[in-house]
Structure formats: C-alpha cells, structure tokens
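Shared between the two complexes below is chain A, which has chain B as its partner in the first and chain C in the second.
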Partner chain A sequence: MTKYLMKRFLLMFPTMLGVAMLIFFLIRIVPGDVVELRLAGDSSSVNAKVLAEERAKHGLDQPVWKQFLTWLWGAVRLDFGKSMWTGAPIYEEIKLRFALSLQVAVMATVVAVLLAIPLGVISAIKQDTWIDYAVRIFSIAGLATPSFWLGIVFILSMLIIFKWLPPMVYTPFWVNPWQNLLQLIWPALAVGYRYSAVATRMTRSAMLEVLREDYIRTARAKGLVEKLILSRHALKNAMLPVVTVVCLEFAFLLGGLVVTEQVFNLNGLGLLFVQAVAHRDYTLVQALVMIVAGFFIVVNFVMDILYAWLDPRIRFR
Partner chain B sequence: MRAFRIRSMLLLALAVMCLGVALPAGAQDKPRYGGELVFAVPSEPPTYDGHQEETFGLMHPIGPHYNTLLRVDPFDKTGTKPVGDLAESWVIAKDGLTYTFKLRRGVKFHDGGEMTSKDVKASYDKIIFPPAGVKSSRQAMYQAVEAIEAPDAYTIRFRMKWPESSFMLNLSSPWNFIYRAEVLAKDMHWYEKNINGTGPFKFAEHVKGSHWVGKKNPDYWDKGKPYLDGYRALFISSSSAQVAAVRGERAHIQFRGFTPADRDSLVQALGPKITVQESPWDCVLMVAMHHEKKPFDDKRVRRALTLALDRYEASKNLSKIAIVKDVGGIQVPGTPWATPPDELEKLAGYGRDIAKSRAEAKRLLKEAGVPEGFSFTFKNRGIPQPYEPVAIWMIDQWRQVGLNVKQEIIEASAYHPMLKRGDFEVAMDFACGFIVEPDLDLHRFVTTSDANYGRHKDKVVDELFQKQARALDAHERRNLLRALEKRLIDEEVHVFYTLQWHRIIPHSAKVKGWTVTPSHYLNNQLDTVWLSE
Partner chain C sequence: MAINAPSDVVVAVDDASTHSWWAGIRAFARRRPLGAVGAAVVVVMILVAVFAGLLAPYDPVAVDFGAMLSRPSAQHWLGTDAFGRDVMSRLIYGSRTALFVGFGAAFVGATMGAILGVGSAYFGGRLDLYLQRLMDIFLSFPLIILALAIVAILGNALHNVIMAITIPMIPRCALVIRSSALSIREMPYVDAARAAGFGHGRIILRHMLPNVMASYLILLTAFLGQAILLESSLSFLGLGVQEPTAAWGLMLRGAAVEFAETAPWMAIFPGLAISLAVFAFNLFGDSLRDALDPKLRSL
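After this line comes the complex of A and B, so read on.
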C-alpha cells in the first residue's frame, strides 16, 4: 500500500513539470502581448520606446528559455511572481478567488452527492418502475441542461417573480454566512444539478451491475438483511466509478466555471483565467494553470487512496 | 389589449427617456445628502495611477479620489467646456505662450497635507517630463510645453514652445490627477498602488475582482460637497450581469454605456424607476485601407468604398441594435468643432442620394481596373458591439457596388498588433477619446503617427493638422479643420468614418446631478451626484 501511494506521489512531480513546460510555451504562441494591450487602451498608441521599456520590465526582452528557467525557479519556491497586468503579487490576485471557487466547488459537490447517491440507488433498486423513470428523466434533463443556462433561469426568475437578485459582491463565509450563502447557493444549485445528473446515472448503472453479482446473491441466500446488503456490500463496491466521476468533476469546478461565474458575477478563478488569457498576462495564466493542475493531481491522489480503501485488491496488488 | 399595453409602455419609455435627455441633471431639485451610490464597472484598474493607465476601469472607481487642475464642466453635455477644479482663475498670455493659474487655498490631501503649486508642478512634471522608468501614457499631448514653474505656493505657470489651441482642454484631462509632491519625491511609483488625492471621496477598500469603496471626504474644499456618503463600484464584466444588477436594483448606474436592447429591456421592466440619458459618444469605428497594397493604393478605390455606404439609412436601422447612431465627420456631432450636416453632405459618402453615390462608386472601381465581384478580406475586431453589426452592414453595402468582401474576425487582444504590423488590406480602425478635441482625435492621421495604420504619407494633412493645432482664432481653426477633413476623408480618402458611437446610460431615477457627456472618461468625480431616496 505504502509503495503504491509513494509511486503515485512521486508521479506528481514529472506531471507538474510537463504542465509547466506546456503552458509556458503555449501561451507565448498566442499572438498579442500584455504590454501592447495595456498601453493601447481603447484606441491610443504609445511609442515603441515606452513599449520596449515596459517589456524589459517584465523580462519579456530575454530569450524564452531564460524566461522559463527564471519562472520555473520561482515556481519551485512557490513564488509565481507578479501579475504582468496589475503588477500585484500573484498570490494576492488568486487568494480571494481561490476561496470563492473552492467554496462553490465544495457546495456544488455536496448538492450533487446528496442528490446523486440516493437517487441513483433508489433508481437501481426500483428498476423499471415509475420511480426509476422519474429519476432517469430528472437526470437526463440535468445532463441536457447547461449550468449557465440554469443559472440565467434562476436569475431571471428571481428578478421577474420576486424582484430580487442575489448579492453581487462576495462576502466570505466567516464574515457573514447568511450573505455568503445567499450569493453562492444559486450557482451551487445550478452547477450541482448538472453534476448530480452525471453521478446519478453512474450510481444507477454501477449499482445495477453490482446487484447482479454472485456475492450479493450469496448474501441474500444466507439471509442477510436487505439494508445491510445494499449499504455494506453493494453500495461500497458500486462507488468506485462514482468516486472517479465526483472527484474529477470537483477538480474541474475549481477553474472551469467560466460562464456560470459570469452569469452570477462570481469573482472566481474561471473568470480570472479568462481575463488573464485575454490580457496575455503570462505570469498569471501560468500560475493559474499550475494551481488547477496541482489541484487535479492532488484530487487524483486522494482518489487513489479512496480506491484502495474501497477495493482492498488494489492495496495488495 | 396586449398591443395597447405594449404601445403604452413604449410611450412611457419614450417620455421617461425624453425627460432624462431634456433636463440637465444640475437643474433638478435641491440636492439631498446621504446614501451610497452603487455603480457597475465592466473593467478593473490594472494599477491606481491615472497618469499611466488608459482604461475607464481606472477612471470610474478612482476618479472620485482626485482633483485635476482644470476639469470639464460636469453639466456641459458636449464635454468640451473647461472650468476650474484646483485652479481658481487663470490668465492666458496674448501670444498663447504662457498660461498662469491661481490655485485654490485650503485644499487638503486625504493624508492632511496642504495642496500647493509644488504638488501641481510635481504631478505635471511626472506627466510631461517623466523620469526614466516612469510611464506617462499621455506625455505626447504636451509636446508644446517648455517648462512648468511654481513662482509661489498658489501660482502655477506653463511656458509653451509654441501656442496650442487645445491646451486648456488638455489641462482638463480627467487623467491628470494631482498627486502629492512629497510622496512623489520619495517614490515615483507610490501612486501605482496607493491613493492620496484631494478629491471628494477618500479611499476605503479595494477587493480585487469584486469591488471598490470610497467614503465621503468631510474636509473637501468645495464646502457642501459631496452629497453622497460614499460610493461602491462593483466590477462586473458580463454585460448581462450589469443589466441584471441595474434591473435588480443592486446597482444604480453603469457609467460606460448599455446597448439599445438593454435600454429597452430596463425601461420596460422598471418604467418610471429608470431614467435614460443619451449622447453621441466620442468613439468611432473607421475603415483603414492599406495604402501599400493594391488596389487600395488607388484613391479611386478608397473613394468607392466610402461612396457605397448609405450612412443615413444605417443610422436609422443600426441604432436599433447597436451602439452607433449619428452620422458624423472627424468630430463628434453636436460638439463645437463638428461639421454642420449641410457641409457634411458635400463629402464623399455623405450624400443623400445613395443611388448616385453608388453609381459613382461603380464608375470609379471600373476606372481603377477593379473587376465586378472583386474580392478582398475585411479584418474586424472580435468584439460584438458595435464591431459586428457595423461590419456586416458595410459588407452588404460594398456588395451593392459589386465587391465581394470576406470578413475575418481577429481576437480583440491580437487586433492592435495586427493593425500595427499592417497585416491587412482593409480593416476596422477604432478610436475613443476622453475629451472631444481635434488635436486629440486627429493626431493619429499625421504621417508619422504610430496609429497611421493605413500608412498614408500626406504632407498636406500633416501641415493642416499642425496649423489647426496652433490656430488661436476659432474661425481660422474651424476653416483649417474643414480643409483637413476634406483632404482626409474626401479628396484622398486615407481613411473613412462609419457611424458615431452612441452612449446610452439607463440609470436609477434616484441618481441626480449627473449629466451624460460624449466621453465615458469624463464626469466621474461624483461631487455633484446625489440620490433622491
């Protein structure tokens, strides 16, 4: 088990290095640069001397390999430098947005899990009954509904019916939990519904498969209570693919809610990402990609641990 | 019944709009004290230094913290009338080579220090003669300034190398915040991350990506102002979220502008709770034609392109769906240097008889050897409003004179470098000014300008530009501007204008004391603004 986990842990480092190289060079292939964009404004133009001075200030006049090594050395020390657009330290740009995105991701995951697992299990147990059909319709509708669209529906409904709009400014949970929830519950519901749809489908099919296994039949034959069969033998074994889906979706939510964030005016990582790319803010884009990639890798690692817990065979392999 | 309701709503909307347009905000009821103005800002300041930034994302939240030497009269709808801000009075020498300003006394910075001529000099030295490593985006506007002197604590003097007709408006630039000399002497970059002005509101909080808060300055030099207790700028990048914020009364106003559709939906939803102010906007889309690429090196072809456009019909139709409206020449319609409509009609592409214009366009194309169905690529900036509708309209107009035009959309961030590289045949050019002033708007057409994307070389344009810039007599300057306009968009057609942008500000009817101007960079000090409830 230790060897298995150690191997997984060590694999994180070459993965991060690959990500770092890929994003560093990819962003530089895209035409346009941060200096020109910042100084060009709506229309005006500045002279070439000012542009050159500004580029030198950001180290953009250096050879690309040198820029990469300088940045990589900083990243190794967890110093991602300063935003080329605002000049503020990267951590300052990211910290509040990270907190918001993480909270939305956690809340959406809670919504999704709370919906998906009971619905998926019930749907599997009551296969081909009206309950199963209702759950299937609910989950297929969730798959077919983009979360940003559902978000727009929420906003318009609240505006038109209740003449009310959620707060537009993020209040951290520890400052004012009520204000915080008033703002974030809606995106969490919109995202959580679509997310739950995927997980419900997965839970249902995994449960159906497990319920037909020999060991379930054996458990029933020896007279075990149905509740115990379902919770201890069936559900735990059916959770492997569900955990994969839930974990990957959770990691995706951290930086992938661009449109939903726009709809609810959430000051999250997704929106920051888009702005950073539009501004060609190389340092910020690189830092964001590293953070999201790092998050994915950590979630994957946690997922590996969960696999080992759920399926003992993995531990002894 | 439904039709009657819709008609009633539209009539009501029209009445509300007219009311908003007709009444200057300053002429409304007695100002009420208190309240927090909440406004949406679609962009965010990269740094806090107005001397180096270009975005309204700085001006809207940060402008209220500062004063400038002069400012544009906040109640002047043309946005072209300079009035004193920190300057109390001034004398301009007859030869136009010396400008002497007397400063207000008893003006305090937010840190308690007194504002004197040392501060004005230090601020303008930073703008006009920045030391190495200090960026000043509008330095080029002050080439005529030879020296800045502070003969005593309350007098500031600008000595000029040559007279410049635009100088008073240049000094009214909303970007020229007066900073504290003592602070600048210690660190020229301090203002990039900190605020310390003399303005009506003190800095309270900036949460990146979220909001900016300003609180009333109780020691403001203009006694009785500001009326508001404070303001809160919400950074909202999505236009639909901005509209929702106003509709849901989470924000009173967004100072940049909304689309006609947004205006209509807000008016329909909020009725008398909304006031709409509109103005021609000091932003315009132009067409740049590469003078070194065939057949656009031929002025007959360039002329044909402008002749094909029915601007008057487009004004009627496009203004329903896009933020464009007025037919204008080289200056914003309705402002002091704008071309009167009857004179405008004499220029190529501005004639009322479109059939005649198009026949002429076809003749010119034929004469220049451009075959029927000739194809070229029009490069456009990847921003929906108003680039997309204007481009689609032009492509259709050009089709009607036998041209087959393909549109290529370039992502907004990559657009400006593309123009500078000259990597186009015909492309959308754009300009947005902060004060309607010929020097600021037309400098881009001088042969040596970095913004001369079409790469024309025209000594006549250069000379006319310089002459009008130095003409101190208004009549003479007007004539020179008309000659420059004729040369630029009629005789040589180095470039041509499409339609003037149109600024639409639907805002909560509670907001009083604010007047729309042609520039979204102006009138953001908020000292005259108050809330009726």
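After this line comes the complex of A and C, so read on.
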C-alpha cells in the first residue's frame, strides 16, 4: 500500500517534466514569436538589429536547450519569470484570474453535486420508469448542450423576459459578495449543468450496482426502513466512483472554462491562455499549462490516497 | 459454410443474413427505444448533409444586404444573419462540417488509440511503461487547451482542426482499450495461439483486435459527439473552421452574440442544431454501450 502510494508519488515528477517539455517545445513551434508580434504589429518593417536586441533581452537568442534548463530551474522554485508580452511578473498576471476561475469551478461543482446526487439516486430507485427516462434524457441533454451556448441563452432570456442583464464587470467576492455572485452564478449554472450530467450518470449506475449487492438484500430482509437502507448502506458505498468523477472534472474545469469565459466576459485563466497563445507569450503559456496540468496531476494523486482511505478493500498492485 | 457450396445455397445464406440484419435492427429498436430515436436522428442528419445541395433553399454563402437580420418568415424559415445569409441553409450545410469533423476525428482518434492500447497491452514491459507515461502527460492537459495549442501550430484549415481534436482523444481511447486488451491477453485462446507458433501480427489482428471491437465501437460513438462539441467550441473562439464556411459553432460567433437581443434566431438555432446532433449521437452511443458492454459505464 505505502509502496504503491510512494510509486504514484514519484511518478508525478516525470509526468510534470514531460508536460513541461511538451509545452515548452510545442509553443516554440508556433510560427512567429513575441518580439516580432509586439514590435512589428501589422507592418513588418522593423529592422533586424532591434529585433535581435529585443530577443536577447528575453534570452531568446540562447540555444533552446539552455533556455529550457533556465526556465525549468525557475519553475522548480515556482518562479515563472515575467510575461514576455506585458513585462509584468507572471505571478501578478495570474493571481486575480486564478481566483476567478477557481471560484467559477467551485460554484459549478456545487451546482453539479446538488443536481447530480438526488437525480441519480431517484433515477436508480425508479429504474425503467418514466422518472428514470426523464432524468436520463435530462442528463444526456446536459452532455450535448455546449455550455457556451447555454450561457448565451441564459443571458438572452434574462434580457428579453426580465429586461435585466447580469453584471458584466468582475467584482471580487470580498469587495461586494452579492454583485460577485450575481455575475458568476450564470456561468456556474451553465457549466454545472453539463458537469452534473456526468455525475448523475455515474451516481445512477453506481447505485444500481450497489442495490444489487447481498448486504442490501440482508438489510431489507431484516426489515430495515428503505430510507435508511438507501442513505446508510447504498449511497455511502456508491459514492466512491461519483467522488472520482466529480474530482476529475473539477481538476479539468480550472483550465477548461475557455469558451464559457469568453461568453460571460470573464477574465479567467482560459481567456488568458487564449491571449497568451495569440501573443506567443512563451513564459505565460508555459506557466499557465504547468499550473493547470500540475493541479490536475496533484488532484489525481490526492484522489488515489482518498480512495485507499475510503475503501480499505482496495489493494493496489 | 462449406468452401464449395453450390451457388444457390450462397444466395440463400445472403438472404438470411440481410433478413437477420433487419431483425437485429428491429430488436434493437424494440429493446432500446431511446437508442433507436438517436440512430434515426443520426441517419436523417447524414442524409441532410449528403443532400444539402438539394435541400438548402439558398446558397449558404450568398450575401444579401437587402435581407440583413430579417426575422423568420416564409422566405427565410429561420431568418437571416448579419450578412443576409439564410440561417437554415447555413445550418444544413453546417451539418456537413460537423459530421465531417466528427466522423474524421472520432475515427482516427479511436483507431490510433486502439492500436496504441492493444500494442501496449500485448507487448507489455518497457514499451507499455513508456507509452503509459506518454499518455499520462497528454491526459494532464484539458482537451480544449491541447486542441488550442495544436491549432495555433498547424493553422486552422479543416484537416488541421480535425487533427487538433483527434490528438487529445487518442490517449483517452488508448487507456480504455488497453485495460480491456490486458484481460484478453490472459485468455487461454491467446496462449493457445502463441503455443501454436503464430506471430505477433497474427495474434494481434486475429485474436486481440476482434475482442476489443466492442470497446472500440463504444468509444467511437462517444467521441463523435465530443468531437462535434469541441469543433463548435473552437470555431466559436474563431480558432476552428473559418468564414465563410458554414459551421454551427462559427454561426454563434460575433454578430450572433452582438445582435442577440434584436435577432435571437441567429443565436438560438445553431445551438439547437449542435445540441440535437450531439444528443442523438450520445443517445445512440449509450444504448450501444448498454447492449455491447455494460461495464464501460464511465464514458
């Protein structure tokens, strides 16, 4: 057990190194570089000497492997350097956006869990009735609806029906909680619906599986109240795969909100990533990917520990 | 069937097989009505895409400044967009883009994933270890982030968009196929084939691949919907299919949002088309999964 977790822990490092290498070289294959884009703009008549000087300033004249090692050494110490486009420290660029994306991701998760667990349980108990069918259609529809379009529909219907538009300028939670929630609840709902679909389906199938177990039959045979059987015996045991799915989706949400952020005019990590790629802002792209992928890798690892802790039967290789 | 069967017997067998095909479809429809509905919608969509030229009332790229932003009417059933282009015609032609990208990406992604997954499981050892680590790296990226990076590198021609959607899907498929291939590798018939002295190629092709076909088909249908969604997201961001090509995600971009209040039909219908298409694929894929392999529930 400890040996397995140790192995899993150590495996995180080569994976992170792989991610670092992949994004470092991928972003450098993209045609054009930040210096050209920033200095030349539309006209391409900047003299070569200025370009070369500017590149040297960012260390872009060095051999690629040397650039990589320099950057990697910084990244290991969590020092991602400065944005090549704005010149501001990466830490400053990311700080506010990270809080925003994280808040939307957390709110979407809450929406998803609140929808998914009751729906999934009901659907499993009433398997093959119209309730089950309705829940399944509702959740398949959630998977099929692009959340950015759902966002457009939300905004549009509020505009047409209530003649009211949610605030489009970001207010941090600690400045004005009400204003903040009023803005962020809509993207959270749009994303949360899709996300709940995955969790609902998982809850349903896990419940169905558990309800067929012997100990449930035993509990029924000894005359336990159905409510208790469901909450204590079934739901508890069905939660493990649901927790997995919820955590995995959450880990992806941090960087996966790109399109929804665009619709709601949210200046989050996703939008920042799109801009950074467009500007060929190497340092910013690299830092963002390391944060998003690192978050995912760590969440994955923590889940493995959680698994072992929640279900002592699990024996790892 | 005997090798030297007389020709009339062969005809009879053919008849029986087409008959059982129909019976199979009917049985599927009776047992899984939702799946049948999904399949029917998919078939209709394919027909619409194939016969787009006959069905579309207007040229999807014809600009008509006299009819800008006109409401749904007898001339334009679903209204027109900011350039006076007929929304319905663009939706009809858009199904071509969606299906082309969807089938292209899902087919290539699932196939590459299956090859990697089966190879990784069959050969095991070092190869498996390295391939798994490589997959881990790709899996740590959110789908859309990886797709965005690839589009930035390759540019946004249609085949590049397909490639950008395919690459993030390969490791996800390889993971699933690998785990089902691992259990097949331990089957006695694989041992038997090895004992009989068959080469790796033959064992993989004749014994392993046919037995992961169920997982493969399930993944393929699951990816179809995802690919269509991802394409529309990329196009919506302006990084996918480019104007003036008709694509559903692209139709939601720009003017559709700016004029959403006065011309909501521009924003509503393309979104409905995406949802309906993905919904149908998922409905069909779900039933297929239940029918073929109920254990693969996590997809």
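The working rule: the second predicted complex is superposed on the first by the 301 of 317 C-alpha atoms of A that agree within 3 Å, B and C clash if a C-alpha of one lies under 4 Å from a C-alpha of the other, contacts with A are read in each partner's own complex, and residues count from 1 in each chain.
One rule holds for everything that comes next: a residue touches a chain if its C-beta (ideal position, glycine included) is under 8 Å from a C-beta of that chain, and two chains touch if they have at least 3 such contacts.
For clarity, every value in this text was computed on a predicted model and none was experimentally measured.
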**Report entry** Touching partner for A:53 - first (chain B), second (chain C), both, neither
**Finding:** first
Query raised in the report: First (chain B), second (chain C), both or neither: which does A:159 touch?
Result: both
Query raised in the report: After superposition on the shared chain, which partner residues are touched by A:2: those of chain B (first), chain C (second), both, or neither?
Result: neither
Query raised in the report: Which partner does A:262 contact after superposing on A: first (chain B), second (chain C), both, neither?
Result: both
Query raised in the report: Of the partners chain B and chain C, which touch A:38 in the superposed model: first, second, both, neither?
Result: first
Query raised in the report: First (chain B), second (chain C), both or neither: which does A:272 touch?
Result: first
Requested in this report: Determine, under the contact definition given at the top, whether A:96 touches first (chain B), second (chain C), both, or neither.
Outcome: first
Report summary line: Dual-contact residues of chain A (chain B, chain C) 30-31, 152, 155, 159, 262-263, 278
Requested in this report: Enumerate the contact residues on chain C facing chain A in the complex.
Outcome: 34, 133-134, 136-138, 140-145, 148-150, 152-153, 225, 229, 232-233, 236-237, 239, 249, 252, 256-257, 260-261, 264, 267-268, 270-271, 274-279, 282-283, 286, 297-298
Requested in this report: Could you please specify the touching residues of chain B with respect to chain A in the complex?
Outcome: 46-47, 53-56, 133, 135, 137-138, 140, 192-193, 207-211, 234-238, 240-241, 244-245, 247-251, 269, 283, 411-418, 420, 430-433, 444, 449-451
Requested in this report: State the interface residues of chain A toward chain B in the complex, per the touch definition above.
Outcome: 30-33, 36-48, 50, 53-54, 57, 85-88, 92-93, 96-97, 152, 155, 158-159, 163-165, 167-170, 262-265, 267, 271-272, 275, 278-280
Query raised in the report: Quick one: in the complex, what on chain A touches chain C?
Result: 11, 14-15, 18-19, 22-23, 26-27, 29-31, 133, 136-137, 140-141, 143-146, 148-150, 152-153, 155-156, 159-160, 201-202, 205, 241, 245, 252, 255-256, 258-259, 262-263, 270, 273-274, 277-278, 285, 289, 292-293, 296-297
